[in-house]
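Below are two complexes that have chain A in common, paired first with chain B and then with chain C.
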Partner chain A sequence: MLEKLIGGEKLEKRALEYIQNYLKIFISAQECLKTLLLTEDLERSYCIENLEREADSVRREIISTIYKGAFLPYIRPNLCTFIEITEKAFDFLKTCAFEFRYINKEFYKDIKDDVVRIASINVEMAEILYKAFQSLLKKDNLREKNLAIRICEKKIDELKLNLTEKIRQKEITNFWEGKNVSDFTEALAKISDIIEDASDYLYILDISLK
Partner chain B sequence: MSKKVSEIMNTKLEIISSNDSVYSAIEKMIDRRIRSLLVLPKDEKDDYGVVTVRNIIFKVLTKKLDPHKVKIGEIASKPIIAVSKDTSIDEIYELMEKNNIARVFIKEGDKIIGVVSFFDIMAHILIERAKT
Partner chain C sequence: MTELVLLASFLIAFAIGSNDASNALSISIGAGVIKLKRAIFLFGILVFLGIWLNGNRVMETVGKNLIEIHSKTLGFSLLISAILIILSNWKKLPLSTHQIIIGSLIGNAFAEGSTINFISLLKILLSWIISPITALFMSFFLYRIVEKIFLKVALFKIERFLKIFLLISASLISYNTGANEVATVLGPLIYSGVYINFFLIFSVSSFLVFLGAYLLSYRVIETVGKGIVPLDPLSGFVAQISAGITLFSFTLLGMPISTTYCMIGAITGVGMTKDLRTVKLELIKKIILSWGLSLSLALFLSLIITKIVLKIL
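Right after this comes the complex of A and B.
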């Protein structure tokens, strides 16, 4: 769909390549978080910060290419908003990795299964978001991608409920330990909300271009 | 390669005792918006069972029996079909089709740890489709 509107101009092609690259970095960051939570190897927590910095620079390239004149003026803010929504997910990924460094490992044992499962679903959602963006370009079936993302989000909502129930049964005596667990789980579960928002935004963009 | 069933199973199992009344099962199902409950074995020799909305409708309500008086153990389907958590999802499709069942339980040793229903299978297929 966007290809039809861009008319094969250089700036537009470059901007679209940047956006796809940005979404690939997003998938890598999600995979990195999943590996961190699975292996508990704290060295892995730094790769998320590196990927976030890389994504930041790509995001700046996207925005500047768009405002150099890529795309018709009415599409520009929509694409920028899509990128800004996804950027919020990077913030939550970073928070999650940061808080994980300080989490009580004994406590973590009891919630690890649910946490890893949420992280795995987040990876799937990021992959589908990338495919959804490609569908927008190819005028493919974006509706199916959007539905799959909504299904994943629902699964994460259920897992979050389960996780919260488990956490509530634990006695937390230290304020910082409680805050750490709360911030960690909150950030982990928020990532899927952001991906769902981004997917909804793509869907609206697709409809508005028809 | 097909995913393992443990990757899509629902681990939040709602359970009920064989000695509970059908009415308490109805309450649980309505409160939690679910269609089946895992029935715990009475003793070590007994098997796990399952009680579904279908069991309740056709074995109690349409026969005008009093759900307060009928025990879960009297209407539960036993034994349940359970597979190991390493079973592939493709095998689950076959099992469901062959036995005409809507859910397959997942076990680890002798313990039931999850369940996969038609809805989980449909969600899985839609997610895999979206990833292609």
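Right after this comes the complex of A and C.
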């Protein structure tokens, strides 16, 4: 009776399932990018767009379920912001896949190792983010996951520095080729920043009711 | 004269509904736990249950133990209370319902030359001082305990817990509004010596409290719940449950105490867990001034009006 009075119990369960699903799609998109960068099979670049569209529809479901009455209004904006932050990472994944279609393959050979390593760490970070969210469902050490994400992000920063040094040593004669490489590496390195922001937000969310 | 006593008591019941429903409901509504209309409906039911099941002790203290009731002039004194309470609600003056009613009754007793039980009066005065302090300490320690427990619980479990317990604490305050606040109003009427059907009186007065809340309280509730009090759900719950437990304990002792002051004490207690500087001396001064003003104004007016009425009659 009490649950009926309060209402929203089913909505909450549904919203949480959607969020977990959303994060799983995020991991799949990261894996898809990693495979694309590793195999250089351009067909793979389209799976990211498909996953992004799927994530977009799940995101809409999450926001509408939350505003239909799931959770206390006090934490609703925080949950929505967490989803919106993660959404930005999808944009960068899409940019990365798009720019990769036009990248000079000879040029790519020299940076492939660093790029694939960054993509692998991004996958790892997405998985940790999923586990961090699950910590909110059953009390687990969220701080530990938050720290692991920060360490990964630091690794990516170092790799990005290395990558930039390598690119600078190359002579680029075509403006569009230069822009393409710059946009590609920029988008790839930005994904980890977004995951770190999302993880920080989860931490804020966790302490917001305590 | 019974009609006048009834009219005054019902007017006060209506005023309590319009003004004091916010004490019980604003935090839960502000936190989005329950919708306004549903909350007011629940409030009405709990007020009735409060009067019916636990109102007797407070009614006895106010109507039987404090003064010797004179039904001839009681209606005028209660009417003064009603006018003062409605006026203070309307003009937003910080006058307390309890102090006004007790002041009016004492004024009536002075005018009538009837006996006043000073031990009862002293107990009531002490309970007005002790109750907000009790609520303050209770919320201070309860917040510390709950905070420690919550550190070991997952976020969404806390969220579910808070939803349920915010509703329980709101229900406790609603119940006490009936068992204490409305009982203070009905005490003199019940012990005035006139024949009345108790069940009917309880039903009508709780319906009037509900009506007051339904028709006039929504603005106060929305302002307090969503605007003035920026309480997070945990602080809101701790403040409300501490005030509720304090009120219920004093109700069991038969002491007519103010819900608003208990809430102020409890909110201050929660604030003190963050920083001791949250205790506002200005607010304490205002409360003391409000006590003195409510009590003396009601006493003085009741004394004068009763004297005039006695001369005419």
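Simple rule for what comes next: the second predicted complex is superposed on the first by the 202 of 210 C-alpha atoms of A that agree within 3 Å, B and C clash if a C-alpha of one lies under 4 Å from a C-alpha of the other, contacts with A are read in each partner's own complex, and residues count from 1 in each chain.
Methods note: a residue touches a chain if its C-beta (ideal position, glycine included) is under 8 Å from a C-beta of that chain, and two chains touch if they have at least 3 such contacts.
On a predicted model such as this, the values are computed, not experimentally measured, just so you know.
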| item | value |
| --- | --- |
| Combined model on chain A: chain C and chain B, fit or clash | fit |
| Which superposed partner A:P73 touches (first chain B, second chain C, both, neither) | second |
| Touched partner set for A:L147, first chain B, second chain C, both or neither | first |
| Geometry of the superposed three-chain model: angle at chain A (Cα centres of chain B and chain C, steps of 10 degrees) | 120 |
| A:S120 touches, of chain B and chain C: first, second, both or neither? | first |
| Which of chain B and chain C A:C96 touches, first, second, both or neither | neither |
| Chain A residues touched - chain C or chain B, whichever exceeds | C |
| Touching partner for A:L137 - first (chain B), second (chain C), both, neither | second |
| First (chain B), second (chain C), both or neither touched by A:L37 | neither |
| First, second, both or neither for A:L209, with chain B first and chain C second | second |
| First (chain B), second (chain C), both or neither touched by A:N162 | first |
| Where chain B and chain C come nearest after superposition, their Cα distance in Å | 17 |
| Touching both chain C and chain B, counted on chain A across the two superposed complexes | none |
| Residues of chain A touching chain C in the complex | 2, 5-6, 9, 12, 16, 69, 71-75, 135-140, 205-206, 208-210 |
| Sites on chain C touched by chain A in the complex | 31-34, 38, 42, 147, 150-160, 162-164, 167, 232-234 |
| For the chain B and chain A complex, residues of the former touching the latter | 7, 10-12, 123, 126-127, 129-132 |
| Parts of chain A lying in touch with chain B, wherever the complex brings them together | 113, 120, 124, 127-128, 131-132, 144-145, 147-149, 151-152, 155, 158, 162 |
